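To start, the structure itself, in C-alpha cells.
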Amino acid sequence: MANDSPLVVQLRDAVVLAGGFPLLSGVTLELHAGSLTVVTGANGAGKTSLLRLLAGLVALSSGSATVAGVDLGTGDPRLLRRRVGWLGHEGSFYDDLTVRENLVFAARALERPTGEIESVVAHVGLAGRIDTPTKQLSAGQRRRLGLGWLLLRRPQLWLLDEPYASLDDEGRGFFDALLGDVVAGGATVVVSAHDPLRSASLRPRTLHLAGGRIVGDAS
Amino acid sequence: MANDSPLVVQLRDAVVLAGGFPLLSGVTLELHAGSLTVVTGANGAGKTSLLRLLAGLVALSSGSATVAGVDLGTGDPRLLRRRVGWLGHEGSFYDDLTVRENLVFAARALERPTGEIESVVAHVGLAGRIDTPTKQLSAGQRRRLGLGWLLLRRPQLWLLDEPYASLDDEGRGFFDALLGDVVAGGATVVVSAHDPLRSASLRPRTLHLAGGRIVGDAS
Amino acid sequence: MIRTALLVAGKDLRIELRSRVLLWQVVPFGVMALLLSGLALGPANAGHSSAGPGLFYLVVLLVALLMINRSQAVESTPGTRSSVATLGLDPAGVFLGKALALATELWLTGLVLLAGAVLFLHTALHGALVALPSIVVTLAALAAAGTLYGALTAGGGGAATLLPVLALPAFAPLLIAGERSFSAALGGGALWEWWVIIAVALAAYLAIGILLYGVLEES
Amino acid sequence: MIRTALLVAGKDLRIELRSRVLLWQVVPFGVMALLLSGLALGPANAGHSSAGPGLFYLVVLLVALLMINRSQAVESTPGTRSSVATLGLDPAGVFLGKALALATELWLTGLVLLAGAVLFLHTALHGALVALPSIVVTLAALAAAGTLYGALTAGGGGAATLLPVLALPAFAPLLIAGERSFSAALGGGALWEWWVIIAVALAAYLAIGILLYGVLEES
Amino acid sequence: MIKLLSQRLLGPVTLLALAATLWMGLVVTPPDKVQGDLARLVYVHPALAWVALYLSFGTATIASGLYLWKRTRSMVMDRVAHSAMEVSLVFIVLTLITGSIWGRPTWGVWWAWDARLTSTAILGVLALGYLALRRANDDPTLRARRSAVLAILAAINVPIIHFSVQWWKTLHQGATVFTASRTLLIHGSMAWTLLLSFVAFTMLFFWLLRARYRLEVQRERTSGQSLRDALEERRREGAF
C-alpha cells in the first residue's frame, strides 16, 4: 500500500511477553497518518495486546517498534502516551468522581480549556448524568464517557478496543460519524472489533490476527 | 399472548431504587417457561437493572415480583438464585483460580458431578486455557468461561447481559445454537442486547425499555 | 453446611496458597511489626519479658486485619459477587468455611509470631507452650469475629477502612483476654476467667455467624 | 510540575472528601488504636506519660498504612490505570501531588491523635505543642516515603499486604527519630540530631520521588 | 387520648424534671465535705452514664434484634435502632465529658486507664462505628440489615467488655474511686436528688428518641415526595 503521509506506527517482529506467554508473537506492521484500521481475530488472538502495545501500556520484549515518533524500546513512553487516546473494555476513570470532575481533571492535565466540557458531554449524550459519580453509570454510559474523554483530548493516534460493545444504536451512529471526522482530520485510528464497521463510507484496512500474529491484511 | 406453560416471571409495577434514583420505574411483565425474550433499549434504559432484579441481585422497592416461584418481597432469595444463571458484563469468577478450579468449585457448590467439566470447557473453546488463571484470560475468553459455567449449571432461568459483546464470530454461532437448545429444553431465557439476535430460527419476544419502563413489546 | 464450609475453606486456602501472600508478605509483616513495636516502646520497656504477650497480640491483631481484608476482597469483585450469589450457597456454610480458612491462616502466622516473641522479646519458651491452647482458641474467635465484620464491611468504596473501626472494639476484649491468659501462663498460673471470656466469645461469634451471615450476604 | 502536583493533590483530596473516609473511619480508627495500645500495655505502662510519643507514632504509622493503601487504590483499577497513563502526566508532579494529599490527611489525623495523646496518655500539652514542628515534618516525610512505597506495591493481587512489609523498615528510622524528638520536646529539650535525620529523610524521599517516580509508574 | 396527652406532655414534664434536678442539685443539697461543690456532678454524671450505656444501647439492640427477627422485621425497628444509637452516642460523649471534668480535680488527670472509663470509651467508638456503617451504605435494606447485625455484635461485646475490663483492672489496680463516692450519698436530700436525676435523664432520653425518630419519619416523607418526582423524571427520560 503506497501512501505518502508520514508513518505513525512501524512495528518489526514485535513480540510481547506476559509471564512467559507470548501475547504477540511477532507483528510487523506499518500504519500511515490519517488511516483507519480494523483489527479482527478470534478471542485471544491478541487484538487487545496489539492495541496496548501501541499505547505504550505494555513493554516490547523483542523486535522494534516506533509509534507516533517514539521508539518503544528507547524512547520516553510518556511522550507517546500523550499522543495516544485509549478506550478500553473497562470504564476508565476515577470511579468516585462525577462525569464532569473526571473531564475537568483530564482537561487540566492536558492543559486544555475546560469550557468545552459541557458541550462534549452533551455531544456524547450524557448531559443528564454530568453530575453523577462515574461508578453509577451504566455500561454504555461509561463507554460514552470514554468517547467524551477522547473527544476532549483529540489525540494523534486513537486506539479503540471493541468500541461498539455496549453502545446503543444511536451511540454507534454517533461513533461512526466521529470516526469519519477524526480520520478526515488527519488522526490515525486503530479499532479492534468483532463486527465489521457499520458505516459504508468508511473504508478501513482490515488486519486479521491469529495466535498473536497478523495472518490477513485487506484494504 | 396466550400461553399455557407456567409463568416464570411475574412483575407488577416493579420499582427498583439505588440511592434514591429509580433504576426501574414501574415494570409489569409476565414471562412463560420456555420463552426467549430480548430486552433492548438505549444506554441507561434499565436493561441490566431488570436482569439484576430477576436474578434477585437487587432489592425490590415497591410493586410485586415473583420469579421462578419465589416472591422477591418475602421469599428466600437464595432459593431464587439457585434457579437462575447470570452472565454479566464483567467476568465473574475467582480471578486467582484457573478455569478448571472455578468450574470445579461451581460444580461442587451445586452438587453436580465434576466429570463433565473437561467436555464443557472444550465445548466453549477453552480447552487450551483450562489451567490458566482466570485473570489472564482475554475479554472474549472470560465470556466463554461464563457460558461454560452456565452450561454446567443448566439453570431454569437464564439471564444474559449483552452476551454477544466481545465474543468472536464462532463464539456467537455457538451461543445461538446453545440458545436454541436451552429454550427447546424448556428453560426461560432473557437476553439484553443492542443487536438483534443473529439466528433467524429463534423467534424471540422483544421488549423495548426506556426510562426504566417497558415502552414496547413485540413478539 | 459442613460440606459447603469445607468447599469454601478449601477454595479460600487454595487462593491464598496460590498467591503466597501469607508466606511472603503477612508473616514478614508480622515479624517486622513485632520488631517495630519493640522499637516504639524503647529498649527499656520492650526488653522486659512482660511486654511479650501484649505485643504478640497487638501484632496478631494487625495481621488479622490484613487477612480479613484479603478474605473479603476475594469475594467482592462485582462480577464474582453476582455469579457466586447465583450458586445459592448455604450462608452458614460460607461463614464457617471462611472462618475456618482465616483461622488456619492465623494459626500458622501465630506460630511464627510466637517463635518471634520467644526470640526477640525474651518470652519464656515454656510459658509460650503452656499458653498455646489459649492462643489457638483466641485466634479461632478472632477468625469468627473477623469473618463477620469482614462481611459487614464488604464491597463499597471505603469499606476496607471501615473494617478496623468496627472490628477493633470487638477485638479489644479478646485481645485483653488472650493477653491475660498468656501472661498467666508465663507466670505459671492459669486464669479460668479469661478462658470463660474467650470461650464465650468464640461460641457467641460462631452462633451469630451461623444465624445471621445469610442476612449480611443478601443485598 | 507544580501545576500537575496541585491538580493531582486536588483530585485525591476531593475523592477523600467525597467519601468522608477520613472523618468517619480513619480518625475513629486512630482513636481506637490509641485506646487499644493503651490497653495492650496495661494501665501501669500506659498511664506513664513517657509512653505517649511512642504510641502516638505507632498509631500514626498504622493510620498512614491505611491511607497509603487508599491513595493507591484510587489509581489502580485496571481501566483507570490505562486511561490516566495516556494523559502523560509529569511523574514528578504526580508524586508531589499524591504526597501532598497524603501529608494533608496525615496532618489532620495527627492533630486529632495529638489531642488524644494529651487526653488519654497524659502527654503534656506544652510539650506536644513544642513537638508540633517536628511532627509536621516527620509526617511529611512519612507521606513522601509512603507515596513511593505505595507506587512500588500498586496493582497486583497481594499489593495491599506487600506494602507494610516493604514500608515498615523504611518507616522505622522515621518513627524512631520522630519519637525521640517528641520525647525530647516533652523533656523540655530539643535534639538537633533527630531533626537532622527527619529533614534528611524528607529531602531524600522527595528527591528520590521526583527523580524516580516515573520509573515506578511505567509497567 | 392518653397517648395524645403523654405525647404532648413528655417534653414539658422532662424540662420540668430537669429543672427540678438542677434546683435540688445546686440549691437544696449541701456541698460535699471533701469535694465541695464539685460533688454536685453526681446528679448529672451517673444518670447520663446510665442512659448512655444501658438504656439507649439496650434500646438500639432490642430494636435491631426485632428487625432481624423475620416476623417483626420492619423499617420502624431500623429507625428506632438508628435513633437510639445516635442518642446513645450523645450521652456517651456527655458521660465522658462530665467524667473528665470530674476526674481532673479529683484524680489530677483528665483520663485514667480505669476499667469503667476504658469500656465507656470503647462503647463510644462502637456507637460511632455503627453510625459510620450506616453512612457507608446507601441502599436502605442493606443498611438496615448490616447495621442491625452490627448492633447485635456490639451487644455481645458489652458484657464481654464489662467483664474483661473489670477483671483486667482488678488484676492491676486496687481500690476503685466509686466505692469512695458512694459514701457521699448518705444524706436524704442527696439521695432524692440522685433518684430524680435518673428519672429526669431517662425522660430526656425518651424525648430525644422520639424527636429523632420523628425527624427520620419526616425525612422519609419528604424523600417519598422526591421519590415520586424522581420516578416521573425517570419515566420521562424515555419519552422523547
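Lettered A, B, C, D and E in written order, each chain numbered from 1.
We adopt the following convention: contacts are C-beta pairs under 8 Å (C-beta built on N, C-alpha and C of every residue); 3 or more make two chains touch, one makes a residue touch a chain.
Because the structure is a prediction, the values reported are computed rather than measured.
**Q** Trace the shortest chain of touching neighbours from chain A to chain E and give its length in steps.
**A** 2
**Q** Compare the CA centroid of chain E with every other chain's and tell me the farthest one.
**A** Centroid comparison gives A as the farthest chain from chain E.
**Q** What's the farthest chain from chain C if centres are computed as the mean of the Cα atoms?
**A** Greatest centre separation from chain C goes to chain A.
**Q** Looking only at C-beta pair counts, which chain-chain interface has the most contacts?
**A** Comparing chain pairs, contacts are most numerous for C-D.
**Q** Measuring centre to centre with CA averages, how many angstrom lie between chain D and chain E?
**A** 35
**Q** Whole-Å distance, chain B centre to chain E centre, using C-alpha means?
**A** Taking the mean C-alpha position of each chain, the two centres sit 48 Å apart.
**Q** What is the distance, in whole Å, between the centres of chain C and chain D, each centre taken as the mean of its C-alpha atoms?
**A** Here chain C and chain D have centroids separated by 25 Å.
**Q** Taking each chain's centre as the mean of its CA atoms, how far is chain B from chain D in angstrom?
**A** Each chain's C-alpha centroid was found; their separation is 46 Å.
**Q** Which parts of chain C, given as residue numbers and ranges, touch two or more other chains?
**A** 19, 157-158, 162, 165, 168-169, 172, 176, 218-219
**Q** Taking each residue of chain B in turn, which ones touch at least two of the other chains?
**A** 18-19, 21, 41-42, 44, 59, 89, 95-96
**Q** Multi-chain contacts in chain E: which residues touch at least two other chains?
**A** Within chain E, the residues that touch at least two other chains are 122, 125, 128-129, 132, 136, 139, 141-142, 168, 237.
**Q** Spell out the residues on chain B that touch chain C in their complex, using ranges where they run on.
**A** 52, 55-57, 59, 77-79, 81-82, 84-86, 88-97, 101, 105-106, 108-110, 133, 146, 149, 155
**Q** Enumerate the contact residues on chain E facing chain B in the complex.
**A** Residues 138-139, 141-142, 223, 226-227, 230-231, 234-239.
**Q** Inside the complex, what are the residues of chain C that reach chain E?
**A** 145, 148-149, 152-153, 156-159, 162, 165-166, 168-170, 172-173, 176-177, 180, 193-194, 196-197, 200-201, 204-205, 208, 212, 215-216, 218-219
**Q** Quick one: which bits of chain C touch chain B in the complex? Just the residue numbers, please.
**A** Answer in residue numbers: 4, 7, 11, 14-15, 18-19, 74, 77-80, 82-91, 214, 218-219.
**Q** Using the touch rule from the top, collect the residues of chain E that touch chain C in their complex.
**A** 68, 122-123, 125-126, 128-129, 132-133, 136-137, 139, 141-142, 145-146, 148-150, 152-154, 156-157, 160-161, 163-165, 167-168, 171
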